[in-house]
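In structure tokens below, several structures.
Each of the next two complexes has chain A plus one more chain, namely chain B in the first and chain C in the second.
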Partner chain A sequence: MVKVTYVAHDGTRTELDGDPGDSVMSLAIAQGIDGIVGECGGSMMCATCHCYVDEDWAETAGPRMDGEEDMLESAACEVTERSRLSCQIKLTEALDGLVVHLPEEQV
Partner chain B sequence: MSSGHVVIVGAGQGGLQAAMSLRQEGHEGPITLVGGEPGLPYQRPPLSKAYLKTGEAEKLALRPESFFETKAITLRPGTWVDAIDRAAQQLRIGSETLDYDTLILATGTRNLRPPIPGVERALDLRTLEDARTLRAALDQPRRIAVIGGGFIGLEFAAVAAGLGHHVSIAEAAPRLMARAVSPAMSERFRALHEGLGTELHLGNGVTEVTERGLLLADSVEVHADLVLLAAGVRPNVELAQQAGLEVDNGVVVDAMLRTADPQIFALGDCAAFPEAVSGRRVRLESVQAATDHARSIAKTIVKGDVAPYAAVPWFWSDQHDFKLQIAGLAAPSDESVALDDGAVLRFRGDRLTAVETINNAKIHMKARRLLGGDAVPARDTLLQRNYDLTAA
Partner chain C sequence: MTTSPTTSTMALIEGHKPITPASGIPVWDIDPYDVELLRDPSAYYAKLRELGEVVYIPRYSVLAVGRYEITRKVFSDHENFLSSRGVGLNDFKLEDPWRPPSIILEVDQPEHTRTRKVMSRALSPKVVKGFADLFRETADTLVDQLLAKGTIEAVTDLAEAFPTTVFPKAVGMKDVNPRHLVDYGAMVFNAVGPDNALRREAMSHAGEIVPWINAACTRDRLTEDGLGAMVYASAEDGTLTEAEAGMLVRSFLSAGVDTTVTGIGNALWCLSQNPEQWQALKRDPSLIRPAFEEVLRYTSPVHTFGRTAGGATEIAGFPVEEGTKVLCVLGAANMDPDKWGDPEVFRIDRKPVGHVAFGAGIHGCVGQNIARGELEAVLGALIEKVDRIEPAGEAVWRPGNAIRALDRLPITLIPN
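After this line comes the complex of A and B, so read on.
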């Protein structure tokens, strides 16, 4: 089990248990987290699973994948250095406890 | 405010998005989502890609069951609507009737089954059930023949070849994905698939599906113990047609995605709508059209006729290690300019209509933004910049 905490734009925190190999996006979708849309199903064709990795986890979550940066340019909300596409963050044991913050809008 | 009962016929990605967007826009009335297939609404794109490899059906659900309760969306899977009574604003479902204030048709498509002798021997790849059957058949080494060299046939072929099966493709058109991409792009995918060991029969239609495989127009026989039919789809328009709504390669809608009946909208694969730029009537088979249509219709229902539909179309196809991305919409006759970096720009006269790329998200996204902007640069302007979209 890998624990992930999603912090909605209004501050609401939801803690979910994922399996290694899940993505931060797919776990959110499977559990019905509102702030993540994931329209293309993780094919890196949209930017509707935008999240901000919590400062404490930025390093462990790793750098952006190839092409991720280009997709993020079309995100609905401000893109910061913590911005990631949550479909590209794959859960590992090392990410147990991960905290991500969700933007106000995805579309 | 909108407080009426919205009924959505079709629980694919577009139908579900319409329900979600209605709630997001603040629709307070009941929403019923009626789907013909069993189970929760699911993603179709992975059926010809990841699912064939992993078989993880549970990963396909678009939203969990609890979501529908939370959002007060009544999901009725495995339910077929028999007729629309427009005068009574009612659907007939078997012996039951269901009243609606607003109706959204999101009925999608079904596989086109051409009248080829023996075609009943061929499998389909459209629903999760189809994909399950197909995946189960891949449990032993096969000689596979695919009828149709479009997105679905090629995505399946790439996966099957990668799993070690022997694959042949028969395509009646002289090149792959002829409806969707430029000749230059078709050529690159021909080389990709041939490199994977796939046998291509182009410009060679299938005249019969036999016990031994395919018989082609030029009398060549393709041996196969598994045949996939991927020769395109037909929009599900019968409900609309029987209700007296106009149908022309899809349920005809206006720029607000509304049929001639003001209470009835249509979206996604089943809708024939006016393309914003050219005004020509098109029907698109894509996640993008389904979800963008859905959002637009939800907004119209809740807020009134604010803005006509004008989203830039985009498409993708994953085949082996090529991710094909298309921004915009080109007609097959549009001119092509192939650039050194691999991108292909399509033009109709002076106007940029589409940009095709492989594994180049930067150019793809740039093209999506350019085509969606107020001032799409003219061909001469682009030429002066050496067709460098990033400079535009």
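After this line comes the complex of A and C, so read on.
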């Protein structure tokens, strides 16, 4: 089990239990987290799964995937150093406790 | 006709190697490309899911998957199930395909990554937003014209008319021939099936259409400001050769017209059949995008595409031999009750994230933002101007080896 905390734009925190292999996006969709849309289902075509990885987790979450940078350009909210497409963050045991912050809007 | 060959000199079936299925895989003697079945595939989808995780179809000596999880898994498992040997029944490794293979759809990693990047940049949500006004103004004009007519044949009058107007403009094509665009799509998509009447009919137009398409993709036949020019710009920075740029522009034309024609027709069918959902959409325009996702799930415009086992592998624990063609029946997966609960109900607020109508994984539809943009414009214009959409005759489906589209859809548009 891998715990992930989603912090909504208004500060509301939701903690979910995922399995290794889930993505931060797919877990959020399966559990009905509002702040992630994931319109393209994880094909890296929509940028509606934008999130900011918490400072403490930036290193463990790793660098952006090939092509992620390009698609982030289409994100609805500001893109920062910590911006990731949550469909590209695959859960591993090492990410147990991961915290991600969600942007104000995705479209 | 079908035997269990053991030598390498055996005859091919539909251009691929016949296989001996692993014991325990259910065998189903059916023709999934039968025209009657294709007109109304729901019973086929249901039985395919019911029979098992994977089924052997002796008529074409292929495996088929239709349950949601396994279909998604196989279709997106690009390591074991290749695209470079063709996404239809022909194995490109054993027989030359009818046209030079697509350098995005019909290639594997690592080659795929390079062309995919060029295409996903050209078709990003940001670029597509730039077409929103063109799409919406065209939709407004078209819907006004159709309202003046009242009763229309929605396939030609709307579903074909809209994409064949806006898409060539978006690509920046100087040559205009809506018929050729639609017929080329029919060729490309029927070519993934067996050598049946559907494929032969579609291919009979090749002599006229293919040279026209190839010419229309060359640099001097494209404007400076369209999607085509964006792809050719990658030839300047050395990412692609000029010939490759032309090939990628060709893939716009292969995959970008027939699919959205089908998406629009199928959307109109869903909404004319479900008036309460149409009213719900009128009340809440924020459901336009989710409504289109539900249309995609409910009708799966691309109903079946295949993969080829690149080496010995397995599906759901059953051994699968190298060279096995696997039909991934996307339409069956999108209707799997284990995934969707009540798949037979068309609900515009379902938000069916994870449907496989655009595929999944590295080959997941690169044109999906264009498709959504077109549908958003058409449905946006309709809900603003039209009070009711009523059937005005029988809807007739057009069988296709990969595409499930309407052939005729008579409807009446009643203005606000």
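Definition applied: the second predicted complex is superposed on the first by the 107 of 107 C-alpha atoms of A that agree within 3 Å, B and C clash if a C-alpha of one lies under 4 Å from a C-alpha of the other, contacts with A are read in each partner's own complex, and residues count from 1 in each chain.
Note that contacts are C-beta pairs under 8 Å (C-beta built on N, C-alpha and C of every residue); 3 or more make two chains touch, one makes a residue touch a chain.
This one's a predicted model, so the numbers in the text were calculated from it and none came from an experiment.
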When chain B and chain C are modelled together on chain A, clash or fit
clash
Taking the superposition on A as described, I'd like to know which of chain B and chain C A:M71 touches: first, second, both or neither.
both
Just chain B (first), just chain C (second), both, or neither: which does A:Q31 touch?
first
Quick one: is A:S43 in contact with chain B, with chain C, with both, or with neither? Answer first, second, both or neither.
both
For A:T92, is the partner it touches chain B (first), chain C (second), both, or none of the two (neither)?
neither
Common ground on chain A, meaning residues reached by chain C in one complex and by chain B in the other:
26, 29, 39-41, 43-45, 66-67, 70-71, 73-74, 107
Would you mind writing out the residues of chain A in touch with chain C in their complex?
26, 29, 37-47, 66-67, 70-71, 73-74, 107
Chain B to chain A touching residues, read off their complex
43, 45-46, 59, 61-64, 66-67, 70, 287, 291, 295, 314, 316, 318, 323, 325, 359, 361-362, 364-365, 368-369
Partner chain B, residues of chain A touching it in the complex
26, 29-32, 39-41, 43-45, 66-67, 70-71, 73-74, 107
Name, in rising order, each residue of chain C that touches chain A in their complex.
113, 116-117, 120-121, 123-126, 289, 293, 353-356, 358-362, 364-366, 368-369, 372
